[in-house]
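You will see two complexes here that share subunit A, one where it goes with subunit B and one where it goes with subunit C.
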Partner chain A sequence: MGKGGKSRHNVASLAVPATLTVAGILFLPLLMLFRISFNQYDRYDLMIETFTLSNYTEILTDSFYRSVLLRTFEVAVLSTAVTLALAFPVAYFVARAPARWKSLLIILTIFPLFVGNMVRAAGWMAIMGNQGFLNQILLKMGLIGTPIEILYTPSAVFVGIVAVVLPFMILSLQSVIEGIDPNLELAASNLGAGPLMTFRHVILPLALPGVLAGTVLVFILCMNAYAMPVLLGGPRFHVMAPQVYQQITGQSNWPFGGALAFILMMTTLILTFVSTSVIQRQYRP
Partner chain B sequence: MNWRTAVGFASDAASSGVLATSIWRFLYYFIVLSVFLFMFTPVIFVFWVSVFENAVITFPPRGYSLKWFSNAWAAGAFLDGFLTSVKIGLFAMIAGLALGIPASFALVRGRFPGREVLNTFLLSPLIVPGIVAGTAIYIYFIQLELWTGVRMISTLPGFVMAHVALTIPWTVRLVSSTLVGMNKSLEEAAMSLGARPLTTFTRVTLPTIRPGVFAAAIFSFIVSFTDLEMSLFLAGPGRTTLQIAMLQYLEWKFDPTIAAVSVVQILLIGACLLITDRFVKLSRIV
Partner chain C sequence: MKQVTLSHVGKTYGGVDAVHDFSLTVKQGELVALLGPSGCGKTTTLRMIAGFVLPTAGEIRIGQHNVTEMPPYRRSTGMVFQNYALFPHMTVSQNVGFGLEMRNVARADIKARVLEMLRLVHLDHLLDRYPRQLSGGQQQRVALARALAITPDVLLLDEPLSNLDAKLRHAVRIEIRQLQRKLGLTTIFVTHDQEEALAVADRLVVMNKGRIEQVGTPRELYDTPRTAFIADFMGRANFLRGYVSAPGTFLTQSGQRFYFSGSAPSSTSILSVRPDCIDLVPGDAAPKHPNVLSGIVRAITFLGPVNEVMIGSDTGQTISVHSRTASHDIASLKEGEPVRISWPVKASQILDASDWPDNEGRYKNRTED
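Moving on to the complex of A and B:
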């Protein structure tokens, strides 16, 4: 296939059903949600067709929602930074491991990624709960007299989120570090560079596209985290994703929930767009 | 392997001597090991707690028992959720393959304007946040129900439709990466020996891309099975996925029963990943 103009056309048409499906199942609904986010909520009619920016301005001016946004941002920045620091040595280790070990290490990295957030949340609850492993150990060691609150604190959410996003960061970094010729490191050290210098002037600059890609991906995942804040943060820990759910299903306030969802998504899209264009401009060979 | 560099995440060995070097080397291994342990900690604890004798969790446990597995089985919510999730996962997987495989051919073999854009478009569901996609689809389904009278929320077709948005991009990603690596002269050889296009496709093309298709099938299933955010909006009384059933339980309490459910899920997904790894090296596809 694929010689004449006609069959080239035929090949392209194979993508039509999938394209229509993605457009119809995801993009049409997103457009609708976007339109709804400019409507007005009404206690009796639920929604009044209009065009107002009030939902967006309320999110940005109301002190509660401003704090929710800020907290989400805080959690995401902190988790991303720590994840990057922890993932780099691991990614380097995996990338430079002998082939036989590498596939095992990759499976070990991928496995927690696909096992599901509910399973991981359950595991952390076993450790952090009032009757959990950590409290009982501390009690037995006599370090504390009564169980301390670990679960339902911001730290619990932080730990849970970092564990969720670590595999993504490791895989992003690993794939880039793998492409760095080990001879470059040898050359650097032959020329008298110590490990720190080699890392700063050889590995890090070459791994930067991976660092950027991994950081953006992980930051987005942290911003949108739902399960960990709900299960490990408890009912008083408020971040964006659970608020969206709450507004849509709990309050039936579609316009406001829609605006929250779009602020969340715009952050994602802008970041993705900016970072990919930076990567392409800086690092295209 | 160049350990001298590996060691040096923060130290300059040339100037700080052998002792410092071995300290940094130790630290490097320590971090690597700790991170892997950290990622596996929840999984390990779930396994452990699932065989505790007592419902009230104490460390160390008073004894071990497998009764929580039968307990979880007997608590209908988890079994119902499991069966629903398997059904949704299989249907969404099949639909995703049916739509995604032809699309992958178009993207890899076709030379038409806008190919790059189309590729980004078909993969884009992966970057739309789950909670936003879930919200949008929920509202869309409710509007559809109002217009057509056909029930969508908490029905099997509704779930499957929403999850296809997840299985299409995974199929496109995995199948097109095998297609890119495929040697086209195999097909040309078959055709020049007189095979018709359809024969060439079923006897040459399909067997060659089978690993990619297989990986796509399994990953689609896993992604659909473990989806939380989209299903959250679609679940309702009478039809709930396993993840939602687990979420509702965990919001209330953690005990060995939910640990047993988690273990079953871990084993299922672990088996899926190991089987996939036999067909395609996981290190090359994710």
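Moving on to the complex of A and C:
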């Protein structure tokens, strides 16, 4: 007992450096920003030390910021849902692939992550622009007479975001599906369940931890998307993350930018927490 | 319950025959064991009957229906998996009721049938447990109840006892046999354990390298094995290489003469004699049987009811003898001392050696070097 307790104590102590680092580089700046969000912006002094909720009340009562928050939420939910639907078959295929193909497939899955978001957005711009690849092809095929607007539409942002977050969802699902005994699928089939019923009653419930992890991860990424909305959405497409940037660097309005950042973070946290607990309650074995 | 017929069924994986020209009819209510070493094709055969694997040749019929190309969920086979494959997110009663739910049976009827099945396997007190809360033996019985709940045409058992400890295995195999008789279940039982197969089956199909070696009742295979492979697989045996020199007489390569009864293949042969058929000849006494061989005691191993005596015989081979612990012969035996052994004429089995010993390690209990 004593020995076991001691070794556990030693293992715990190994986590100390990482914990301190995380506290230092994550929580400290967050705390400072949180404090700043209660300060007052001033045209000449930029920031006045005080304690006011005016930044928060302004954001929540202003129809522009409310619509930005709503749009962010819409884009995130839709992107997450589509990503989940697209990722599941791929994740299943990778998880059930023969061992010698598996590592290659996983490398292919994460391969897009080797290229930064900005670079990828530039690539999408080359494809989606008025003189872009897609319009050229459609024109050549005679399907359209004049170039159609693809870039700077919500659809462009949506496609860009889904492409970025897809690998995260695939990996989250794949690792969980791999742990599901393939004999369970055979057993379901043996008992009369077709492929659809096997998916609904066996694979999906057992893959739920992966679905939850992937959904949470992807939803957070979507809520905080920056490069795709800015570069593919154009100047009139507004979501939260670019607004934070805009306030802090463009207007030098740190208190307002801080408040926006915290509203974004809290919204993401609350939505994640609520949806997770709802899904978990529904599928509790 | 229906009859199951396999006609010239084959399965090739990338040019390699996993199962080759397999023909067998399992009669209604019969329990047939597919027996063989790992990789012999027995599990592939079972999976083809269940529909998990599509045959590349031949035809499978369940009753009158040709099910060769039919997906598993349209067949009615009840399978018990080696690892039971119980749905971990469902309770015992949900597991057992799953097949009925898929068949859109009314809820009340499902409940009644689930209870009936769980009573059958004496688990009706564990309805709301999850599989992880059950012992291995209990999981095994839930898997059996789940397979039987859908009233399948045929019950398929894939090494159902291999994950149980020895004592439980013995009890469960008796239970399965009784249940199978009581319900008249057409059953195909895959195992690599010859003792298990001998104990439960009406008929045995011994497979080797994707082919059927011999089909017969347990007694037939044990008493009159057709090949050395079967003799070896059906229980420990000693093999002496030689040829039939005259009717009823076998001459070993080192010149000893042994006697056997009945007919024998004329080509190069192997004389097989089981360790438990051989007597130790005490001291200077006259041997009881005409087949006599002398040698040196190499090792004596106490196995409980019997002692295994390894004897370096004059043929140059090591012979295994099982001597009952209760007998007095064993007490006077010492390692390193000379000994004589004898066995009756009818204990000598002459086997075809045409496929012997082309492949090292093919006969798991080989005593010949």
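Throughout what follows, the second predicted complex is superposed on the first by the 241 of 285 C-alpha atoms of A that agree within 3 Å, B and C clash if a C-alpha of one lies under 4 Å from a C-alpha of the other, contacts with A are read in each partner's own complex, and residues count from 1 in each chain.
By definition in this document, a contact is a pair of C-beta atoms (placed from the backbone, for glycine too) under 8 Å apart; a residue touches a chain by one contact, two chains touch by 3 or more.
Small disclaimer: the values here were computed from a predicted structure and weren't measured.
Participant: State whether subunit B and subunit C clash or fit side by side on subunit A once the two structures are superposed.
Facilitator: fit
Participant: Considering only touches as defined above, state whether A:201 meets subunit B (first), subunit C (second), both or neither.
Facilitator: second
Participant: Figure out whether A:227 sits in contact with subunit B (first) or subunit C (second), or with both, or with neither.
Facilitator: Only subunit B; A:227 stays clear of subunit C.
Participant: Using the superposition on chain A described above, determine whether A:25 touches subunit B (first), subunit C (second), both, or neither.
Facilitator: Touch status of A:25: first partner only.
Participant: As a test of reading the superposition: which chain, subunit B or subunit C, is in touch with more residues of subunit A?
Facilitator: B
Participant: Name the contact category of A:189: first (subunit B only), second (subunit C only), both, or neither.
Facilitator: Both partners, subunit B and subunit C.
Participant: Check the residue A:181 against both partner chains and state whether it touches subunit B (first), subunit C (second), both, or neither.
Facilitator: second
Participant: Scan A:241 for contacts with subunit B and subunit C and give back first, second, both or neither.
Facilitator: After superposition on chain A, A:241 lies in contact with subunit B alone.
Participant: After the fit on chain A, how big is the angle at subunit A between subunit B and subunit C, using C-alpha centres and going to the nearest 10 degrees?
Facilitator: For this superposition the angle at subunit A equals 80 degrees.
Participant: On the A-aligned overlay, A:36 touches which partner chain: subunit B = first, subunit C = second, or both, or neither?
Facilitator: Only subunit B is touched by A:36; subunit C is not.
Participant: Determine the nearest approach in Å between the Cα atoms of subunit B and those of subunit C after overlaying the two structures.
Facilitator: Between subunit B and subunit C, the shortest C-alpha distance works out to 5 Å.
Participant: Same subunit A residues contacting subunit B and subunit C, which ones?
Facilitator: Overlap of subunit B and subunit C footprints on subunit A: residues 186, 188-189, 192-194, 197.
Participant: Going by the contact rule set out above, which residues of subunit B touch subunit A in the complex?
Facilitator: Answer in residue numbers: 1-2, 4-15, 24, 28, 31-32, 35-36, 38-46, 48-49, 56-59, 99-100, 102-103, 105-107, 109-112, 118, 121-122, 124-125, 127-140, 143, 161-162, 164-165, 168-169, 172, 197, 219, 222-223, 225-226, 228-229, 232-233, 243, 246-247, 250-251, 254, 258-259, 262, 265-266, 269-270, 273-274, 277, 281-283, 286.
Participant: Using the touch definition up top, name the residues of subunit C that touch subunit A in the complex.
Facilitator: For subunit C paired with subunit A, touching residues are 50-52, 71-73, 76-79, 81, 83, 85-90, 98-99, 102-103, 130, 146-147, 150.
Participant: Name, in rising order, each residue of subunit A that touches subunit C in their complex.
Facilitator: 181, 183-184, 186-194, 197, 201-202, 205-206, 285
Participant: Where on subunit A is subunit B touching in the complex?
Facilitator: 1-2, 8-9, 11-15, 17-19, 21-22, 25-26, 28-30, 32-33, 36, 86-90, 92-93, 96-98, 102-103, 106-127, 129, 131-133, 136-137, 163, 166-167, 170-171, 182, 185-186, 188-189, 192-199, 203, 220, 223-224, 226-227, 230-231, 241, 244-245, 248-249, 254, 257-258, 261-262, 264-265, 268-269, 272
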